[in-house]
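Here come two complexes built around chain A, the first alongside chain B, the second alongside chain C.
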Partner chain A sequence: MSHIIAAKAGERLLLMGNEAIARGALEAGISVAAGYPGTPSSDIIERLAGVAKERHLYVEWSTNEKVAMEVAAAASFAGLRSLCVMKQNGVNVASDFLLHLAGSGTRGGMVLVPCDDPGALSSANEGESRHFARMLEIPLLEPGDFQEAKDMIKWAFEFSEEIRNVVMVRSVTRLSHASGSVVLGRLPRTERNAFFKCDGPALDPMEGPVFSMPVTLKHSQQQKKLQQAVAKFEASPFNTYAGPENPELLIISSSACHLYSKEAIHMLGIADRVGLLKMGTTWPLPPQLMQNYLGLTDNILIVEEVIPFLEENVKILVAELAPQIGIKKFFGKKDGTIPMVGEMNPDLVIAALSKILHIENDAVPEIYTSRARELFSAGAPPREMTFCAGCPHRASFWSIHNALRMDNRKGFVCGDIGCYSLAMLPTGFSTLKTLHSMGSGTGIASGFGKLGPFGFDQPAVAVCGDSTFFHAVLPALVNAVHHRSDITLVVLDNSGTAMTGFQPHPGLPVDAAGNEVPAIDVVSVGRSMGAVVRVCDPFDLQNTQKTLLELLEQKGVNILVLKQICALSPEKKAWKPFEMSVDAPTCIGEKCGCNQLCTRVFKCPGLIWDKQANVSRIDEVICTGCGVCASVCPSAAIGKKEVA
Partner chain B sequence: MQVFGSSELIEDVFNKDLCVACGACVELCPYFKNYKGKTVMLFPCNLSRGRCFAFCPKAEVDLDVLATRFWNTPYEGTPLGKYQNVLMARAGEKMEKAAFQAGGTVSGLMTLALESNLIDAAALTDRENMVAVPRLVTRAENVCGCAGSKFMAAPTLSVINRGAIQGYERMGVVGTPCQITAVAQMKTNPMKSEDFKDPVALTVGLFCTWAVDTRKLLPLLAECIGDACIQGMDMPPPPSEIMVIDTGDHRVEIPLERIRPMVPKGCRVCPDMTSEWADISVGVLEGKPDWNTLIIRTETGAQLVKDACRQGYLKTKPILAENLKHLCVAAANKKKRALIRARDKGLLNTSAKDQRAVLRLRPESAQKIIENDPEEQCRIS
Partner chain C sequence: MQPTKLSKDPYNVIITGVGGQGNVMASRVVGGMLSSKGFNVTIGETFGASQRGGSVMSHLRISASSSWSPQIPKGTCHLLISLEPTEAIRVLKDYGNPGVTVICNTRPIHSIGVICGDQAYPELEDIKSWVTALSESAWFIDATDRALEMGNPIYGNIMMIGAAAGIGLMPLDRQDFKSVISAMVAPDKVALNLSAYDLGRELVKR
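On to the complex of A and B.
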């Protein structure tokens, strides 16, 4: 049984932040959880899917975040409690629905958990979800540690039912993926019954139809709910203060940043000079509470990540409260005390505090920094980001890159989000020339494919993954076919949402909980739209290149599905199809005629250049035996033997 | 001969649009590939010297080095190059009628060369879906399948490179002057390898004034003949200004003014009309559409022609003085035009350190070629 339900109430466990959130949702008695995979949020749905049977839940990896939110909303309308999970940019995708949902209101408690990625450790952006709470006018909570991650979720569900609206509980990477100590609460015994009552009086929030109209009426009702939130937040235990009665400096912080601030204060030994106000309820800010603490000193430092959301909201409050509390001196992002991009960490807070309080402090001694710099450049080998050994994308981009070169019309590839985003780097032969959000590769290519009348004559190619195909490519593909755009779409089908942990998607015959479900066939969908669709195995380099060269010359929408399972999928990892070897005498790597093609250009991690012997060889530990390098070697020095 | 690497090749030939897609740089390594008549570099190679540059007929071709290797003299610049004899020729009775170009001389010679094991494979040019493609033919009966001029630049030499790797040791090549020049450079062992082996035993060069870029010609062909099959192509001699395409049931004429813009720039700096570095050179014979002009240059060439005549693969007759003179004047004119153009474009005998040349020869010889009057020169020849 999963450890998040095996332990009893009152027990203390070491839980990952995401596990604490999942446990909190279980303790709140959710019935439905929906999301789309996105680091650092994916584990929440995975843990809930793992206990779906025992806890009688419906857990879904939806096609995209908008649909996920709609699925969770349906459960809420039927009186059940539902959880909706995504990474920061998932909220962008769901935002149109969220705008209307916040207007129409909800019934059963509904909590939206976006997990942001400041510093973009696993994202192509460091966008923020917090602004949506303010913009779409729903309450925002931010857990500051792991216990709070669990407790806040439970409380958020109760509060969501009180105000009949979505509550956002926002996490970040360093909470979601770090672990801490959590004391468990009780799991509920009773379950709810689902029924959507919608034939009552038109404006009845629990029995009438669910609309965001009449808009001004509903909107002012929505704003009243926010005022209810403010009243609750004034006395919330999620807002805490630690420090002297008359601090020199007040730090206002939230989320993981409050932990960094705590650590910085401790390391500098200034707990008697600096007060730390940790806000757990960050939108709307409770003015009474803020007034109490803002009155303690005139110097305010706001510590948060990326964009100054908290900072600006505090400044607005201070402007409103000026008659009572006077003018304040602010330190934060706007004045450059802390950076406006990237993650925060204790060192940055220490540097800020040292500057503000005029403390002599070298977080890292200069001599250490200079020695480290020397050693780093001389001693640490440069490590580029790379596709795994055996990754089908390496083979796919080898063919796509070479086909475009041979086609010789300056064709290019519009990329998309997934492991294959790495194809903008040498590991994918720098093939991608644009990279934006999910599905944008096809949309952009569809635009390029209509520029013929303006003299445009370059082949426009888009790539996408199998999960991305369903998430966001479909509308762009319809657009291309319907408007007769000349594009080639390469669907890199590796049988899973690989980048985020190999979750299932609508193209696969299995769902989040492991049940058998109908798979939707990419090839049939493409053909029914009217596109030309061909399928190849990307490991068959010759056939893939030949097919691609043919498609590049054809007008209209041409789809090439490159089907080969991800190297990290459980079924692939279990066996090695080929035993690979390099015949040293045949290897001409250092001569005219090769110039180390396999290790200098193809660069699979399973291939090593032996500097002493001046030949290539196979790293038997890393090599997965996919066999592709045998087709790459120009002198057939790489052999492959089928493993019995 | 100065040898550089692939970056210089890209700079000097590809970026200056001088590539004639001869195929000399293709199949030596995985970096250069030819697709539908266009040679491209897939990835940069960082070697400072390579065979691609050494073999390329548009990169640092030193005519004196070649003339010394082949004839033991510096390059003289005579219109037709060095030769033993010029005859008129056609395929003999042993050769079954096929889609020969003019007399079918090349088909006859190559068939015997394979039949008699003088060569173990022949690098020829076939046609597939309108595109000229290289073929390494190993059986004598398959030679005629490649008969007929293609007029499109095709990477025929790529199959020589692949053939050498596959172990063929005595290959024959039928090529245009640029291709024969590339093979001539190959034969000089420009990389000075210790284990150098010349895999080419026979070169048959064609006459050529210019070729046509495949990628540019294909849409024009499609427009003129749709998806019909091409049985034959021809360019009748001046004053006719047309290219003729024979599809079997139609004869389509395309005005040369539509073809001329499709001539690769590299052809304009080519001084060689009759494949001066070949064992045998073959071309049309003015006024006699089913005969060829045959130039015998080397002992190997002479022996093959003798054997071909004796065994019925070839028939020869003395050539008329008038024909020889016209050929000479045309060749001298091409040489003169090419040197003038190369000089004007700064591609001849460059001296600056980072300015590489297309052609090198003794300045006095270059001057003579540029200044001479072809009619005058051919009276003496």
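On to the complex of A and C.
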């Protein structure tokens, strides 16, 4: 049994922030959870899927975030509590529905958890979800630690049912993917029945049909719900203050940034000079509570990530409260005290406090730091990101790259979101030339493919993974076929949502909770649209390149599905199909004329260039025995022996 | 349970290595062992696609009293467990200080810059002297090589945890290790993990 339900109420557990969120949802008695995988959010749905049977839940990995929110909303409309989870940019995908949902209102408690990724540790953006709460006018909560991550979720469900609207609880990487102590609450024994009442009076919020119309009436009801939220937030236990009665400086912070602020105050030993107001209810801000604390001092520092969201909202409040609290001096992102980009950490807060309060901070002797910097430049060569040893994408991009060069018409590849985004780097031979949002590679290629009348004759290739194909490539593909665009789409099918940890998707015969479900076949989908579809094993370099060259020659939409399971997938991980070896006398190194093709160009981390011996070697710890490098070597010096 | 006293509170540990080495699992084992001792443990991890072949760090904060930031302030690491030699140097640049203790695996993992010949990987003897110069005490363990003798390089991480227990700066004990690892691996693998842990402890006996 999963540890998040095995432990009893009152027990203290070391939980990841995402596990705490999942536990909070279970303590709130949810019935339905839906999401789309995306770091740093994925563990929440995974943990819930893992206990779906025991806790009588319906949990799904939806096709995309918009569908996930619709699925969760249906449960709410039927009177159940539902959780919807996604990474920051997922909210962009879901936002059109969210706008209308915020207008129509909800019934059973519904909580949206976006997990933002300040600093883009695992993202192609550091966009954030908080502004959606303000823009679409729904309440926003931000847990400040692991215990709150759990408690706030339960609170948010009750609150959602009070105001009959969706509530956003925003997490960030450093909470979602960090762990801390959490004292558990009780798991309820509730059997809920689902029924959608929809034949009551047209404007009855609990029994009528669910619409965002008539718009001005529903919008004014939504405004009233926000006023209810403000009243509730004035007395929320999630807003706390620590510090003296008359601080020289007041820090206002939220989320993980409040932990960095706490740490910085401790490091500098200034707890008697600086107050820390931790806000858990960050939109709409409660004005009375803010007035009380803003009145303590004239100097305010706002510590948050990433956009100056709290800063702007506080400044608006301060302008409104000016007759009562006077003029304040602000430090934050707008004046450059806190960086406008990237994630925060304790050191950035220490630097800000040192500057504002004129404190010297030299924790480590200068002689040590300068020596460490000097040794670092010689002793720690940079580590660029790379495809794993045995990754099918390295082989796929080797073929795509070579086919485009052989084709010789300056063809290029429009990238998409997944591990294969790394093909913008040397590990994928710098093959990708555009990279934007989920599905954009195919949409952009579809546009390039229509530029023929303007003299455009470069082959436009798009790539996408199998999960991305269903998420957002489908509409772009329909567009390309319908408009007779000339594109080649390469589907890098590695049998799972690999980047985020092998979550199932509609192309697989299994769902989030492990139930058998019908799989949707990429090849049949492509053919039914009228595209030419071919399938190859990317580890067969010769056949892949030959097929790709043929497809590049053809007009219209051509799809090549490159099918090979991810090297890290559970079924493949412990399995080495080939024992690889380099025959040292055959590898003639620099004299070969191959320019060390295997290491200098192919760059698999399973290979080592032995400078002294002037030959290539296999790193037995890292090599996964995929066998591809044997096809790369022009001297046939790399051998592969099938492992029985 | 009443926690044993820590030499520093919070006690700051960094486990570093290369994406794919098992850094996250190692930090959870150590965190789990100390949590079951009654300490407040906070672990900050980085993982996901950005970690494919890149440098990875886990930050552990151990405290008898409260939770701390999931990121350790620069220059305040007390114990560094490095699963790869050059990663120790990388971490010491930002988090090192004259009082830090280092336990370092000696098996290199070449970055693709090194594999393709654009960069040189330093000599192990040089790395050892540099790490020693930047720490109060440093221990070098052939963890991966010894683990290969046991049949799987992944036991190297467990050996490193055993070594951390062996040097005695944190209250890590074998019984806690056994219960934490038993919840994480298949029952038939517990004995091998215990042997790796014990070997790690042996390797730091001076």
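The criterion applied here is as follows: the second predicted complex is superposed on the first by the 635 of 644 C-alpha atoms of A that agree within 3 Å, B and C clash if a C-alpha of one lies under 4 Å from a C-alpha of the other, contacts with A are read in each partner's own complex, and residues count from 1 in each chain.
The criterion applied here is as follows: a residue touches a chain if its C-beta (ideal position, glycine included) is under 8 Å from a C-beta of that chain, and two chains touch if they have at least 3 such contacts.
Being a predicted model, the structure only gives us computed values, none of them experimental.
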Winner by number of chain A residues touched, once chain B and chain C are compared: C
Partner chain(s) touched by A:350 [first = chain B, second = chain C, both, neither]: second
First (chain B), second (chain C), both or neither touched by A:405: first
Which of chain B and chain C A:146 touches, first, second, both or neither: second
Touched partner set for A:429, first chain B, second chain C, both or neither: first
Chain B versus chain C as contact partner of A:128, first or second or both or neither: neither
First, second, both or neither for A:635, with chain B first and chain C second: first
Partner chain in contact with A:601 - chain B first, chain C second, else both or neither: both
First, second, both or neither for A:493, with chain B first and chain C second: neither
Chain C-contacting residues of chain A that also contact chain B: 600-601
Chain A-facing residues of chain B, complex: 28-31, 33, 35, 38, 40-43, 45-47, 49-52, 165, 191, 215
Footprint of chain A on chain C - complex, ascending: 18-20, 28, 31-32, 35, 40-55, 67-76, 86-87, 89-90, 92-93, 96-98, 107, 109-117, 119-122, 126-127, 130, 133-134, 144, 148, 153, 183
Complex interface listing, chain A residues touching chain C: 3, 13-14, 39-40, 120-122, 145-146, 173-175, 177-181, 256, 259-260, 262-264, 267, 345-347, 350, 363-365, 368-369, 371-373, 375-376, 378-388, 418-419, 421-422, 426-427, 499-500, 568, 596, 599-601, 603-605, 607-609, 619-622
Chain B-touching residues of chain A, taken from the complex the two chains share: 401-402, 405-408, 429, 549, 592-595, 597, 600-601, 632, 634-635
